[in-house]
Structures are given as structure tokens and as C-alpha cells.
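Pasting a structure here, questions to come.
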């Protein structure tokens, strides 16, 4: 299934909770959630661990808005809104970790 | 000065940030912030450390609403809205850690 | 494929309604169908026809109305949440209709996918 | 002592406006003065006269109006934030007035204390 | 899809504390409506959502309706699948005895597997 | 109170990332108005608030106004006291070179002391 996280990993526990509950699958970072996709932060290693269990995507327009487009952690795939739709279509269900 | 925290310590970094920045003073827990005043949680020791530097208060009506009134950590003072007003009046400034 | 969309936050304060709108546009562009967009919690504030954002900002409410007009998307505002927050027929923007929570459950049953946008 | 109050969230969705209201009541009960309550961000939605909560729930907007009527409290809604969110004279509840952000700054200057309620 | 044709598995995921925000209350309103549609309904309480089920809520002081008794009424609507995250309870110093209703306590892994089996997930 | 009579020390505390919520944008609108009142204004960027000052924001894709150039305009309003939390930058892998404007980087302790010296604090 698809898990969607829209909160900064530096201010919210949402991403933590998501990856602790979900066994794996697709994980899409949107809105302030994309800060977790940026390399060189204290959440960097945490995200690299997540990549071992999840296919991780980040919404490109949200990365660009926040000036992060050039700092994506290796292995995270940027997607546009069409890619977001494809991710939802290709998974039976999705859960937004609000 | 008075620091006000209204977020659960289990889902938000607000309390963490507050006590890392503020050197000490009065700390008032309101709304979902009162969960940090409950004994027996994983935040219990963290709060006991905070009590060494801050005078900590918790809004009574918020504790009662959440069923926590009988679990207050020793050293935390419950106040009603009148007590909240007094805390604001007695400190030159206040900062809400939203 | 049929998509149901749930919007839980109002316009401007949170990005949720922006993301939901851009997602809806992409759903249609990909040739999918939108069964319904349901506005719940503060999401009902997306339906206020009285909003008047600055000239250089996007008009979130008008965008939704246009989506309804051009693509026949069903925009449903929860009546209970709307009454609590002051959204009624008299300030409802074009293209929105006010109805019950059953419309959200129906979207869950009828649509192939349900996606929630919130805070 | 003169208190200024800033309310940044709308009614019902967040507890902020409840806490702000109960705080204001206590300020007055303690014999202090409220210089002004300023509604900003989604806080402007506290001023919608169209809200109609369930019978067994508190009426947040009516409570504010009553506070203005009974104690002459100045309830000011930020015009820019209000336009973005669809609060205008036509749906403004009694006791509120719409004005500029300068009214918030003035509250900061004139009041002895400024307290922010938000999310 | 669930075994019976036309019936979907709906899961309501509750991760937020009550009263600080309205999500818990308004989520409950959706749950009650869903019951009327004869779907396979379950509720999951994760993270701060477990606080929704805490005994002894007294809301007079905040002048807000205490909606916690409604969780007790769910059984009357044939909503009996209430799952609570074990780790969330432990972190918050709570046990099943602190809760208003009978629940099934599951660890995170089990909850994640259950979530994977749903047809529709509504998260508040 | 600040040295001059009638002038107060106003501090705007920004702790939230831009675009995910409107607080950063609407806080900036208050800052600009405050400048007209001849007060002693400072801005503090803590926690995710430091992201507001990040270079290279491109908001076309989210169809929202890029308001980050406004931080550059603050100087023209004689608002020159911009304080940024050192630990927040480091945790987010940022340096002063990543920021849009010249700022004073202070550690948390120094920011806490500065906060204590204010007459009015507005937090968004």
C-alpha cells in the first residue's frame, strides 16, 4: 500500500510512526514531508534505513518550492502530480499520516 | 518570562525546543501540552529534568478534560484560568511555542 | 479508475487544499474519473464564495468552482461541519453542494481509491 | 493591567479559540482590562455570524459577541486575512469589527501583556 | 475486498488526542454514519489517538462537550473491532484498564499488516 | 522596555516551514506593518523556521506565490535584526551560505537570553 507523509521530520513524529507501523511498501513525501528527502540533515541516516524497506518518492513541486530539488538523498524518486496519481492507482489503498 | 506549550510531547517537538532555548523561568502546559505533566509516561524523566530549571504549571481544566488530573508529576502545579492570568501578569513577557 | 478525495483543511492556512486541487487536476489529466471531492472539518471553508485573495495570489475557491464547471466534478460539503463553521447556501460558491456524511461513506464504497488531504 | 490577545485559529477545529475565550473571561474576572482581541490567520473565522453549532455544543462565535456586548471588549478581525478566508461585513457577527494589522501592532504597544493562542 | 460482495473493509485511523483538535470528535461522527451502510468497519487507535479512549474525561472546565461516552455506544451500532497500538499505550503509561471500552491491543507490526488488508482507510 | 520611551522591543518568533502552512507568509505581513510603527523589531528563526530563509525556492509547481524575496526587502524597512538558531541550521544540513539574507547566527542559549529581553513576542 501507499503511505503519505506531509509533515517535517524535525517537528513531527508522523514519519516515525508511519515507518514503525508499516511493514514496507510505497512511501510518498509531500508538502513539509519532503524535508525528510533532503541529504545532509540529522534525519539523513534515518531515511537511508527507511529506503531499505520502502520505495520512497518525494513530490517534485514541493521539493522545488522549498529549495531542496538538488539535495535529494540517493534512492528517493521525485514524482510530479501525475506520478502521485500513478502511485495511488497502483496501490490498493493509501494512508495519509496526518 | 512565561513559556506556554500546547502540544503533546509524543507528537510534537514544541516542548523540546522550548526547554532547549529558554534558560528557565515559568513554563505553563495547556491544551494537548498537559500530556507532558502526566506521570508514568516515556516523557516522565524528561519532565523531571525540566523541573530542575523551570517552575512548571499545568492548566487544570485541560488536565481534567483528558482524564489526567490524578496523575500529575510531583512538583508540577495545577492552575485554573485565573492562575493562568496571574502567570501572564507576573511575567514581563510570554512566548507561545506553537 | 474512480477516485474519491477527502479535504480536511480550509484554504490558505494549510497546503492540504492546494495539494488536493493539483492532485485532482492530475487525476483528470491522466484520464481517470473523480467520483467526488468531499470537504470535511475546516475543509468546508473551501466552499465560501466570499473569499477574496490578493490579486497576485491563487484563488482557491474559484479554482474548485472551475473544476466543477469544466469537468463536472461533484464537490460536496459536509452539512454538520459546515453549520459549525458558518458555511451555508447563502455563502456557498458555485459548483459546491451541501450534504451529509453519507456522501463520504458512499465515495469510500463507490470509488476505487480514496485519498485524504489534511493536516 | 491591560491585556492584548491574539487568536490564530478558527472555531471548533483547534482548542485555541476556546482557551483564548476562557482566558479573556478570567482576565476580566480578575479585574484586569482587555485592550483588544485580535483575530488573525484562520482566527478570523471566529467572526462568522453564520455558524450554527449543534444544540448541545458551545456557540463559540456567540460567546465572543456576548463578551463584546457585556464588557465592551474590542474584537478586531484582520482585513487581509479575512478577505482571503471569506469573512466580510455581510457575514460578520455582532461585536466584531474588521480592520488592519496595525491594530495588532498597536495592541502590542499599548497593552502591558500580549498573549498568543494558536496551533 | 472483503468476502461478501458489495461490502468493503473500512478502517478509521485515529492518531490525535481529543479536545486539542476536533478531529477525534468529527471522526467519530463519520464512524457512526458508516455503521448505517453495513460495511466492515474497524477503528485503529495509534499514537496520541489512544488518549481518545482514556477513562475519566471531565470537560466541564473547558466548556466543551465530553464525547468520550460515544465510544461506549459503538457496540450498539455493531462496531466491535477496536484496535489499539500496544507501543502507544506503553509509551503513555496506559494499560487496557485505563480505557473506556474493550479493545484488542495489537503491536505495531500487527496493526501494519491489518492496515494492508483494508479496502478503504480514513485517517483523521 | 527599550531605552527610548514609547519604543518597545518586538520579537517575531518563526518556527514553521514555509508553504506547508500560511504562518510564515502572514507573519511577514505583520513584520512589514510593524516597521511603520517605529518599534525596535527583531526576527528570530528557530527550528523549521530557518527553512523560510532558504535560497532557491521555486513555487511555480505548487501554484503558490513565492514570498521569499520579501525577506530581502526587510532591510529597506530598516529591519536588520535577523537571528537564526545555530543548532537548527546544523540539524537541517544548512549553513549561512544557504540563506537568502545576511543573518546573525546565535546558539539556542543566546537566543533564549535575547527572548528574555523583549517587551513583546509574537509567535507564528
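Think of it as A, B, C, D, E and F in the order they're written, each chain with its own count starting at 1.
Criterion: a contact is a pair of C-beta atoms (placed from the backbone, for glycine too) under 8 Å apart; a residue touches a chain by one contact, two chains touch by 3 or more.
Just so you know, these numbers come straight off a predicted model, no measurement behind them.
Participant: Listed by label, which chains are in contact with chain E and with chain F?
Facilitator: A, B, C, D
Participant: Chain B and chain A are one sequence twice: same or different residues at the contact, by the over-half rule?
Facilitator: Same-residue interface.
Participant: With contacts counted as defined, which of the two, A-F or B-F, has more C-beta pairs across the interface?
Facilitator: A-F
Participant: Averaging only over C-alpha atoms, locate the centres of chain A and chain C and give their separation in whole Å.
Facilitator: Each chain reduced to its C-alpha mean, chain A and chain C end up 24 Å apart.
Participant: Cα centroid separation between chain D and chain E, in whole Å?
Facilitator: Their C-alpha centroids are separated by 33 Å.
Participant: Which chain B residues touch at least two other chains?
Facilitator: Within chain B, residues 6, 10-11, 13, 31-32, 61, 80, 93-94, 96, 98 contact more than one other chain.
Participant: By residue number and range, which residues of chain F touch two or more other chains?
Facilitator: 15-16, 19-22, 47, 62, 64, 120-121, 123-124 - these are the residues of chain F that touch more than one other chain.
Participant: Of all residues in chain D, which are in touch with two or more distinct other chains?
Facilitator: Where chain D meets two or more other chains at a single residue, that happens at 8, 12-13, 15, 19, 22, 41, 57, 80, 114, 116, 118-119.
Participant: Determine which chains touch and list them pairwise.
Facilitator: Going through each pair of chains, those in contact are A-B, A-C, A-E, A-F, B-D, B-E, B-F, C-D, C-E, C-F, D-E, D-F.
Participant: For the complex, give me every residue of chain A touching chain F.
Facilitator: 6-8, 10-11, 31-32, 35, 38-42, 44, 60-62, 64-71, 80
Participant: What residues on chain A touch chain C, complex-wise?
Facilitator: 4, 6, 30-32, 59, 61, 80-82, 84-86, 88-89, 93-94, 96, 98
Participant: Flag every residue of chain F that touches chain A in the complex, lowest number first.
Facilitator: That would be residues 15-21, 47-48, 51, 54-62, 64, 66, 91-93 of chain F.
Participant: How about chain C: which of its residues touch chain E in the complex?
Facilitator: 6, 8, 40-41, 80-81, 100-102, 104-106, 108-109, 114, 116, 118
Participant: Looking at the complex, which residues from chain A come into contact with chain E?
Facilitator: Residues 1, 13, 17, 20-23, 25, 92-98 of chain A touch chain E in their complex.
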